[in-house]
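The structures come next, written out as structure tokens.
One chain, chain A, appears in both complexes that follow, with chain B as partner in the first and chain C in the second.
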Partner chain A sequence: MIPLWLIPLFPLLGAIILGIISLASSDSQKGAPEFLLGFIGLLFPLLSFMAVLSLSFGGANTPIQETLGTWIDISFLQIQFGFLFDSLSKMMLLFVTGIGSLITWYSIGYMKHDRGFARFFAYMNFFLFSMIILVLADSLPLTFLGWEGVGLCSYLLIGFWHKDSQNAIAGNKAFIVNRVGDIGFLIAMLVLLSVGGSAFLSYEGLNAGLAGLSQAELVKIIPALALAAFFFFFGCTGKSAQIPLLTWLPDAMAGPTPVSALIHAATMVTSGVYLLARLSNLFVLVPSVLSIVLWIGLLTAFWAAVAGLFQNDIKKVLAYSTISQLGFMFMAAGVAAFDVAIFHVFTHAFFKAALFLGAGAVIHSLSGEQDMRKMGGLIQKMPITAIVMLFGFFAIIGFPGFAGFWSKDLILEKLFEFGAMGPYLYAFALLTAVLTAVYMGRLIIMTFFGSYRGSLEKSESIHDPSFSMLVPMLILTIGSAFAGYLWATLIPGANWFEQTLAPVLSSAQNHIHVQSVIHLSPLVFALVGTVAAFFGLFLAWFIFNRPVPLSKDSSDPKGFGASWTFLWDTIHQWTSVFLVKMASWFMSVVVNHFVLFVQWLLVGIVEILSDGARAIQVRKVRLQMGLSFVGILFVILIVYVYGGAV
Partner chain B sequence: MLLHLLVLAPFVSALLMLASSGFDSKSTARLAIFFGILISALSVLSIVLGSQSTEAIEWFRLPGTSVPIFYSLASHGINSWLVFISSFVSLVALIAAKDSFGLHYKNFSMGIFALMGAMNGSFLATDAVLFFFFFEAMVLPAALLIAAYGGADRKRAAMDFAIYTLVGSAPMLLALWYMLSLSSGASVIELALVAQNLPSSTKTLLGFSFMLAFLVKTPLFPFHGWQAKAYAEAPSPLSAVLTGAMSKVGVFGFIYWLLPVFDLSASIQNKVLFLSLFTALYGALVAMRESDAKKLLAFSSMSHLGLVVAVVFTGSTTMLSTVLILMVAHALSSSALFVLTGVAERFSGSRKLQEMGGYASKNGVFGFLFVFAGVASLAVPGTIGFVGELMALISFWEFWPTLVLVVGLCMIFSVVYTLRFVQAVVFGPLKKSKTPCQRLSVSDALAVGSLLLLIILWGLQPNWISKSLQNPVEITTQNSLQELESEEAVLAEPIQVEVSQDAF
Partner chain C sequence: MELHASYIQILALALFAIGIAVALTRRNVFFVLMGVELSLNAVNLSFIGFAKTLAFEASIAGQIVPLFTIAIAAAEACVGLAMIILIFRSQDSMDIDNYSNMKG
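Let's turn to the complex of A and B:
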């Protein structure tokens, strides 16, 4: 049996080795040979993936728990370094390490000739290490270590090309907004600690503790649990870019495209959903918080889908689509269908990674052009990339048979069955699904159809990427087509995914019984979903299949599009940022100067008095000496007179 | 013996440095660093050996009192760690100053050694007068070094620093003298006994006199007027020592010489707690707008230490380990940042953030260390700062849950100003530099690297710090307390010396 700690150890080693190489060669003009660095960079994630594979399919199906040692042991606070490999972490690890390896492979071609090649792969490996810790940890504090670790990598990779200050500032924003969420995570841990002690901080301890409570005890601590659940979800809105902390993700597109694919689409941003699934036993006890999750998910999905319509930057469209899809995942979690949420995380990882890698290939061959108004007609020049993106496109809009079709339909179905409110929730989500097809259709049409509108002189130089970039793209394409069959509702018996997750999630999901008002067969949902997808596609074709006016201005949306897109930025600006800036101004300009003024005044008075006493040159030092001498005499006098007399 | 060495060896080193060559700064530096390593090794040894104490040697008798003043030292967990901090941070400063001081290195190292000896003395002293002697003695070498080797406005900064801290501690001298005239000795317990029998108004007044000295030294709002200027004008290696080690003397004073001696009322303690928290917020808010790199770090230090003092006054059961971990965390990360900022200042020839930038693209190792040190000061899990702030959050949670939000705000603000700072110094387009942005010297990289390594190491194994606090000193203190009680049979009530749970 492979010990669990090997899984995170591999990428950690990779990060350390590559980091040392990067630092050692940072002063020379030319770095180490790229093929060697690429080999090391890919080797360790692959090793880790193979370790996960052999653990998942080679061993017994019982959860594996492993404790490495003590982290914190201070009075009542005991935290271990422990790993838990159950079916939930297995599922997450499989695609985290698998897709992580694929995207690392792709990056070897994408980052070619970049001076920071070694540094890039060091960060990627360190990211995978942190992500594995996040998923594999058996306690909340250790998950938090991974949680902030991935945030740190995200910060470093967004600002990877740091010569441009804008990139570094986007990285800062991601870190700051995430830190706001992370305070929520910390507070939630404090609440759990105060309710159940250190035991409640480990997942097994928490589940056992909650299960062991009697009804009366439970009622007493429900408010505390609700508070904890609320703050955990607040943490998730930061990491998974939900309302209100979603502003950082579109800016995060400043990083290299493989980073956007891996961190800001496939893995890191879904860790909020993972955390909710991990804490499902806690969340089902507090339905009020779950309904907050549901509504935040619904609103975020809708808002981001509309925002996606206004973007001209191809990566920004994909960023808003990621936010929107994450909203779908939270909707599922909000109706206590955690397995469905994780299933959508899983399928989404494939098709969104394929879309991002395809977009990366387009950007790469257009020498860094990201504005879709300067694309068009690329299907003839880069057909394989077009096919990859079309597959991803079909998956995301829920074209029958593709991965997103199965997972999104499951979400819609679960929404519909959620009590009396269900049909309305369903309708709202369905509208968002139609919008998804519209904005994604717009992306595909503007990029691949029509005629080329760009400024590249030799449009012949536009071509499909090299073999090393294509292979990972094609593998992800296959995933976007077929990942859904792991849980295909229409095919009896094809629910391997559900069965695998059941040991971890079923107890929580059975806890909530909401009777469906109307019973419909899965076929009806599939049909309605298909109609929605086709309708959206038709709309997109109808609206956007026309010549795009040439424009030379920035790709940022304008007018209403801008107000909608930057709605949350504006809200942050006028609530928190403005207040903090005001407070900062007040403290540093008003209060600090006042304190210094008072100080100056006191010193001034002393100096004036002393000037009267002896106005001799070099007075300062002598004056101070003299004053302290007088002071000491005074003190001695006082002690002599009053000392011991009380 | 070991404790005597820890206090006297720095002074002896300073004298020996006097004999070293003033013209060969390289060999002088080697000698100084050798002494520094030796003393740091001794301080590690004193942590390993646990609590010890020396024979009390009578020093002199204070006029007006019948109390003999002893030269006696004792280590009891928390102060052996602080001695380690002061020795180690001084060592780092000695290494970092190697390249920039040239022929002045000899004098600089003498000053640092004298400062180190004074800090070690004030941490280890068991006699209040001895403590006060070292507490004041610290100011002299620090002020001289600022005045001699500081920036453009160094004279003013040194003067402000000296006057402010000396005036701030004058009331303490007065109060101490008064108490000694009533006391039979100058140890914590004897002072506590005196305070016990005083009318509460007198006691409060004396308590405030003590407190003022520590408020100025730490410093807390509104007694921070000297700090930003002194830290900014001081040569960076010295700033590293000032913030990394010297500021801890103030915190230590609160823990060891204020709380156990004066049984301060809850309302006073709460007021100090809120003042500290306000300081934490205030420092962070001012740091956000600061455009002088070293002043920014000064306010960031103020913010972090405000949090530390606030934890001291929560009275939480884990107060000592929390405060110690926070202090170690702050010492390591802030001194690393100060040393690196000194290097950046050398590159740009200015302390202004607008004139720095882009060093990461030219100097990879420097960029890496700078980002690392910056992030390490943000309490990211895996660093010791996280353990400290988690424990601090727990202490506040026990005290009053709403305070957690204030602390959370501080944590968010610290990310805002630190990232802005990191971005301004190492990212963006390369700014024209005064001296070419040459490689970081190996010794500098090693010095800062060792600080960062300790941040990670103790972040993953904080128990090495917290466990060393649970030692038998507690029992000895309790015993001596009982002996005293039996001696002082006249006392009707049992003595209530506030001894916190895990040490002393």
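Let's turn to the complex of A and C:
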């Protein structure tokens, strides 16, 4: 049996080795050979993937718990440093390490001839390490360690090309917005600690503690649990880019495209959904927080889908589609269908990575052009990339048979069955699904159909990417076509995914019983979903299949599109940023002047006193020594006379 | 012949008085420093003298404290001499009464 600590150790080793190489070669003009660096950078994620594979399919199907030692041991807090490998972390690890390895492989081709090659792969390995720690941890504080680690790596990778200040600003924004969410995570941990002691901070202890509570005890601590759940969810909105902390993700597209694929589509943003599933036993006890999760998910999905319609930058469209899909995952979690949420995380990882890598290939061959208005007709020049993107596209809109079809239909079905409100939720989500097809159709049409609108001298050099980039893209394409069959509701017996997750999530999901008002067969949902996808597709075709006017201005949206896109930026500007600015004004004007006044007062007193003291100085060394001796004698005399009782 | 403890104290007191007198009366800065050292050692002697009056276990502290004092005095002498050399270079004088120009 492979010890669990090997899984995070491999990428950590890779990060250390590559980091040392990067530092050592920072003075040389050329840097270390890229072939070797790429090999090291890919080897360690692959080794870790192999370890996960052999643990998942080689051993017994029981959860493995491994404690490495005591991490924190003080009177009110005892935390063990340990890993937990159950079916939930297994599913997450499979695609985190698997897709992580594929994207690292792709990056070897994408980052070729970049001077920061070694640094890039060191960051990528460190990111995978943090993500594995996040998923594999058996306690909340250790998860928080990984949670912070992915935030740090996201900052480093978004600002990877830091010579352009825009990229550095985007990195800062991602980091700061994430920190706001992290405060929620910290507060929630403190609340749990104060409710149940340090036992509540480990997942097993939390589940056992919540299950062991009597009804009377439960009623007493429900408000505290609701507070904890709410703040955990607030932390999730930061990491998973939900309302209100979602503004960082579109800006994060400033990083290299493989980074966007890895961090902001396939792995890091899913950690919020993972945390909800991991704490499912806590969340089902407080349905009020779950309904907040549901509504935030619904609103985020809808808002981001509309915002996706206005973008001209190919990566920005994908960024908003990620936010929208994450909204779908939160909807599923909000109706306590945590396994469905994780299933959508799983399929989304495949098709979103495929879409991003395809977009990266397009950007790469157009030498950095991201504006879709300067693309078009690329299906003839880069057919394989077009096929990859089309497969990802069919998966995301829910084309029958593709991965997204199964997972999105499951989410819609669960929404419909959620009590009397269900059909309305279903309709709202279905509208968002139609919008998904429209904006994604717009992306495909503007990029691959019509005629090429870019500058002509480039058009001969446009071609499919090299072999090393194509292979991972094709593997992901296969995934986005077939990953859905792991839980296909229409095919009897094809529910491996549900069965695998059942040991971890079923107790929570059985806790909430909401009777659906109308019973429909899954076939109806599949049919409606298919109609929605086709309707959106045709809508996109009718609206967008026409010549796009040439434009030289920036790719940012304008007019209503701009105010919709930057709605949350504006709200942040007027609320939190404004408050911080007010506080800093108060600090700099009122508090600062008060401190200056106190300082001036003290200095004045000290100067007066010191002038007085200086006047009695005699400036003779021997005389002063003699005086101090006399003083000591005087003290001794007093002590002698009064017997030291003074 | 057993040395009476009070004799040691008298000797220590005499040494201390001589040290203080030297420090206060001599104008040469080296003699001032030597006077200070002498009174320090007088105190050490006093410690040992009192330690002698106690039982063996209880006298350990009285014997150890002088060791610390000697170590600290060595360091203090080191710093003091270095400072005196520097002051001598800038003042061209050994007279401690001349060292009074640090006027505030």
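Simple rule for what comes next: the second predicted complex is superposed on the first by the 587 of 646 C-alpha atoms of A that agree within 3 Å, B and C clash if a C-alpha of one lies under 4 Å from a C-alpha of the other, contacts with A are read in each partner's own complex, and residues count from 1 in each chain.
The criterion applied here is as follows: a residue touches a chain if its C-beta (ideal position, glycine included) is under 8 Å from a C-beta of that chain, and two chains touch if they have at least 3 such contacts.
Being a predicted model, the structure only gives us computed values, none of them experimental.
Visitor: According to the stated criteria, A:Ala420 is in contact with first (chain B), second (chain C), both, or neither; which is it?
Guide: So A:Ala420 meets neither chain B nor chain C here.
Visitor: Does the superposition put A:Ala168 against chain B (first), chain C (second), both, or neither?
Guide: After superposition on chain A, A:Ala168 lies in contact with chain B alone.
Visitor: Could you tell me if A:Val180 is touching chain B, chain C, both of them or neither one (first, second, both, neither)?
Guide: Only chain B is touched by A:Val180; chain C is not.
Visitor: Mind telling me which of the two, chain B or chain C, contacts the most residues of chain A?
Guide: B
Visitor: Go through chain A and flag every residue that touches chain B in one model and chain C in the other.
Guide: Shared contact residues on chain A: 620.
Visitor: For a test of understanding, state which residues of chain A touch chain B in their complex under the given definition.
Guide: For chain A paired with chain B, touching residues are 19, 22-23, 26-27, 70-77, 119, 141, 144-145, 147-149, 152, 155-156, 159, 162-165, 168-169, 171-172, 175-176, 179-180, 183, 186-187, 190, 193-194, 580, 583-589, 591-592, 595-596, 598-599, 603, 620, 624, 628, 631, 635-636, 638-640, 642-644, 646.
Visitor: Considering only the defined contacts, which chain C positions touch chain A in the complex?
Guide: 20, 23-25, 27, 32, 96-97, 99-100, 102-104
Visitor: Where on chain B is chain A touching in the complex?
Guide: Of all residues in chain B, those touching chain A are 63-65, 159, 162-164, 166, 170, 173-174, 177-178, 181-182, 198, 202, 221-222, 224-225, 282, 285-286, 288-290, 317-318, 321-322, 357-358, 360-361, 363-365, 368, 371, 375, 378, 380-382, 387, 390-391, 393-394, 397, 401, 404-405, 408, 411-413, 415-416, 419-420, 423, 426-430, 439, 460-463, 466-467, 502.
Visitor: Name, in rising order, each residue of chain A that touches chain C in their complex.
Guide: Where chain A meets chain C, its residues are 610, 614, 617, 619-622, 625-626, 629.
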